Amino acid sequence: MNPEELTAWLRRFAELVHEHRDELTALDSAIGDADHGANLDRGMTAVLAALQEAPPADAAALLKKTGATLVSKVGGASGPLYGTLFLRMAGAVDGGFAPALRAGFDGVLARGKAEPGDKTMVDALGPACDVLDAGGSVAEAAQAAADGRDATVPLVARKGRASYLGERSAGHADPGATSTALLLRAAAETLR
Amino acid sequence: MNPEELTAWLRRFAELVHEHRDELTALDSAIGDADHGANLDRGMTAVLAALQEAPPADAAALLKKTGATLVSKVGGASGPLYGTLFLRMAGAVDGGFAPALRAGFDGVLARGKAEPGDKTMVDALGPACDVLDAGGSVAEAAQAAADGRDATVPLVARKGRASYLGERSAGHADPGATSTALLLRAAAETLR
Amino acid sequence: MKKLINDPADVVADALRGMALAHPELRVDHENRVVFRGDGPRQGKVGLVSGGGSGHEPMHGGFVGRGMLDAACAGEVFTSPVPDQVVAATQGVDGGAGVLHIVKNYTGDVMNFEMAAELVAAESGTEVVTVVVDDDVAVTDSLYTAGRRGVGTTVLLEKIVGAAAEEGRPLAEVADLARRVDDAGRSMGTALTSCTVPAAGKPTFDLPEDQMEIGIGIHGEPGRRRVPLAPAREVAEMLVEPILSDLSFTGGEGVICFVNGLGATPLLELYVVYAEVAALLDKAGVAIARSLVGPYMTSLDMAGATVTLLRADDDLLRLWDAPVVTPGLRWGA
Amino acid sequence: MKKLINDPADVVADALRGMALAHPELRVDHENRVVFRGDGPRQGKVGLVSGGGSGHEPMHGGFVGRGMLDAACAGEVFTSPVPDQVVAATQGVDGGAGVLHIVKNYTGDVMNFEMAAELVAAESGTEVVTVVVDDDVAVTDSLYTAGRRGVGTTVLLEKIVGAAAEEGRPLAEVADLARRVDDAGRSMGTALTSCTVPAAGKPTFDLPEDQMEIGIGIHGEPGRRRVPLAPAREVAEMLVEPILSDLSFTGGEGVICFVNGLGATPLLELYVVYAEVAALLDKAGVAIARSLVGPYMTSLDMAGATVTLLRADDDLLRLWDAPVVTPGLRWGA
């Protein structure tokens, strides 16, 4: 993968996050603490600024910078998780998008210790990785992520702050799964 | 005057205050601190209890007990003012209602140092005293008090906490003038 | 009305019970609703008595203790205490050196304390001097009004004068000092919301989502004017400017700068306001010698803040720094 | 949204400026948003670092000072600080005796502090031990959740462990003590209103005029259940009962009883609640050894309160009574 297409992906993701900022915050208001939209918007704004300021030479450096920026600008649960996702992708990007995303996903699992069905971003990221590993297209992976997000609606959260709500967390999409679906949608729109 | 008719007057006043408690509080909310209804209701409830517990033998003792009870149960501006009104009435009740009320009024003026037109209870009490002194009936005095209350509406307050509002105090009846109009109305309904 | 209370009629009694239980070093006379120092009366020390309507906590009961008040009378919510309470407080703190009444300038407070002083004079030999605090520049001070309200300066005055009384200074000197502090202090406040008097059950006034009141007092009254909601930077200006133009604060030892929360405004916001106030004072050449930021004089659940500036000299600063041990203000011991 | 702030994006930076100006005895690293003791790092003393999202003031920055924290990291509102901040704080308090991280149990806080500890371990020889506070009985503690939230016990723990560190106790002992305090503390909270995150601009949830939430945390989240508004007496029961049935508090030296305001609840109401809590504890045979009543751990402008009980022994009480000199908690000096 070349830095240009990754930059296009990140740009598009930043755009989508900004557009959906209020929606992400509203979802996080329902079952969390109302900051997910602000968190990711702040993080991706910082990422674009960092990439602009000193454009990394290769894909790995670019992903590393993205991950590091998110870790140091976002905070909360999504900072370390999205940060780890990109940092781990950097180490596997030579193999292409699918293995990179899988490596990132493994990082998210290791960092957050969530399991599928816990009503987290894992529920959007996991299905997307599975589609890509099975040879599916990025567009199909994005659809899987969107379906994964939708599937979080009825779930009772078992990780993150939504878990404090117990049964009351059911009936709302998970904010992190929703932003992850945007991440994959941005990929489908920018990567081949 | 005999204690029975004074008791009937105070009972009726207590009733009217209780009925108009929310209205007095609403008036005090507009230009004061929203406690005039509660203050007088608490005070007159205590007065009735005190009179019930140990019915005073004569009119002077009854008025004194009423004033003392108001002083020690109401607080705020209305406690000392209504208290003084009744305490001073006690000293002049031998001459009848008119001179007693005038003496009470003088006490209010001495205690509060308000002048007519300052938008206080003085503006209801003064006209009532004038009517009685001129030989008018208690009913006529009550009407004068009510008119005095109405006349406070356009005034800009110069005494009490309504004065802090400056021009904004205009357009509302004064709570103390309103309760004083009730005091005279109770008199009209119970005294000959 | 959303409040963590029982019957609205019992709120003062209930809160005093809680206060007594939480602060065993105080002695609470529940019948008279007076909070006393547990170790008083102190022989030879001027007794300091204050009080007022409830709903301003920690003022005044929370300022009872070593180096501050000897007793505080708790009236009904927003209703000044009755004379009986003040008499009980005065007698209870009398250590033979006289008693100072610290009264905020509200008609009710002034009259009730006045009647109490008359009763004390008639009944006992206790010498009582009264000092009235009137520092709110929102109120035009003229012959045709009840005069300025007593607000934030009261807190600073009770601390400073409390330290002087603790030193054993005589009544006349303590009273002079109190007047000097009152003369040197000015305040101005703003409200973002009204507050709800428990017995009234609903907010004293309505304030639309995009409006604020400037020049409010501490009893939920509307202020002098209503303005569109503004950033803290501009709000600070609306509060500081009238204070600075009322009294010169430049030169000398600087000021004690007090940014006070009115009950429902969190400390996070008070620090934001403090930063803006400090910037304005810096620009005006006024040095901040000491500061106090927090909800020390509240107005029930009103959202908003008041700013108080007190022109300080070395004597006042030394008294400000002296130890104080009360539930609401504590340092040096 | 009615707040005394400037741009919502600047609220944390603005408040830190105000804090630095109001408390010259602290040193604020504005770039990293870390509040340090002005007299640190202290050689040979274990450094105590805490932090979390902003919006809980005075926690944590207001608890920095002698006898409590050495540094506090201020995250965005309700967003845990980033690892860089924690690294800067850790390095800044390192006096050669190691550093204790006091972390409230939220996924974000735990992960960010964890990453910081990894970075510190990789970069320097500073020994870091982490203690996670999880005391909220509203959250079912099981293998299938993120575990209990860290709430009110955090304040008590920072005070007690701060005193132990001040005494020069070694890191392992200080960390053990912290775990012991966490084990002995339990909390439960209620909200009468939601709160408004500045960047979100509107209340996190709607709560009808006649309803309240039981089992809330300190981030404006709804609680475990919604119930009709109840008198303080019944609310106290809903808070105290789950605490008492989770851990035995009878016998021994009694408890430290902490009634905390969530930001928009005035002290008057907190004392009413305290009176009810004390009555319930008395009935349950639980002695109150010490108490703390006030807004020490807030949730922006949320109206409500939390109750924390900490089972105390002589050692803990001695450490509780030891001097503490911070903007938020101060006594003995």
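We call the chains A, B, C and D, going by the order they appear; numbering starts again at 1 in every chain.
Quick note on the criterion: a contact is a pair of C-beta atoms (placed from the backbone, for glycine too) under 8 Å apart; a residue touches a chain by one contact, two chains touch by 3 or more.
By chain, UniProt protein names: A, B = Dihydroxyacetone kinase, C-terminal domain; C, D = phosphoenolpyruvate--glycerone phosphotransferase.
None of the values given here were measured: they were computed from a predicted structure.
S.K.: If you apply the touch rule, which chains end up adjacent to both chain C and chain D?
M.R.: Common contact partners of chain C and chain D, which must touch each of the two, are absent.
S.K.: Roughly how many whole angstrom separate the Cα centroids of chain A and chain C?
M.R.: 53
S.K.: State, to the nearest whole Å, the distance from the C-alpha centre of chain A to the C-alpha centre of chain B.
M.R.: 71
S.K.: Distance from the CA centroid of chain B to that of chain C, rounded to the nearest Å?
M.R.: The separation of the two C-alpha centroids amounts to 30 Å.
S.K.: May I ask you to sort the chain touch graph into line, ring, star, complete or other?
M.R.: Looks like a simple chain-to-chain line, open at both ends.
S.K.: Hey, which chains are touching each other here?
M.R.: Listed by label, chains in contact pair as A-D, B-C, C-D.
S.K.: Of all residues in chain B, which touch chain C in the complex?
M.R.: Contacts found on chain B: 25, 29-35, 37-39, 42, 71-81, 111-112, 158-161, 163-166, 168.
S.K.: Note which residues of chain C are touching chain D in the complex, please.
M.R.: 2-7, 11, 14-19, 21-22, 54-55, 57-58, 62, 190, 192-193, 209, 212, 229, 231-233, 235, 263-276, 278, 288, 291, 293, 295, 298, 300-301, 303-305, 325, 330-333
S.K.: For chain D, which residues are in contact with chain A within the complex?
M.R.: Counting only chain D, the residues touching chain A are 53, 75-84, 106-108, 111-112, 114-115, 138-140, 144-146, 149, 197, 199-200, 204-205, 217, 219-222, 224.
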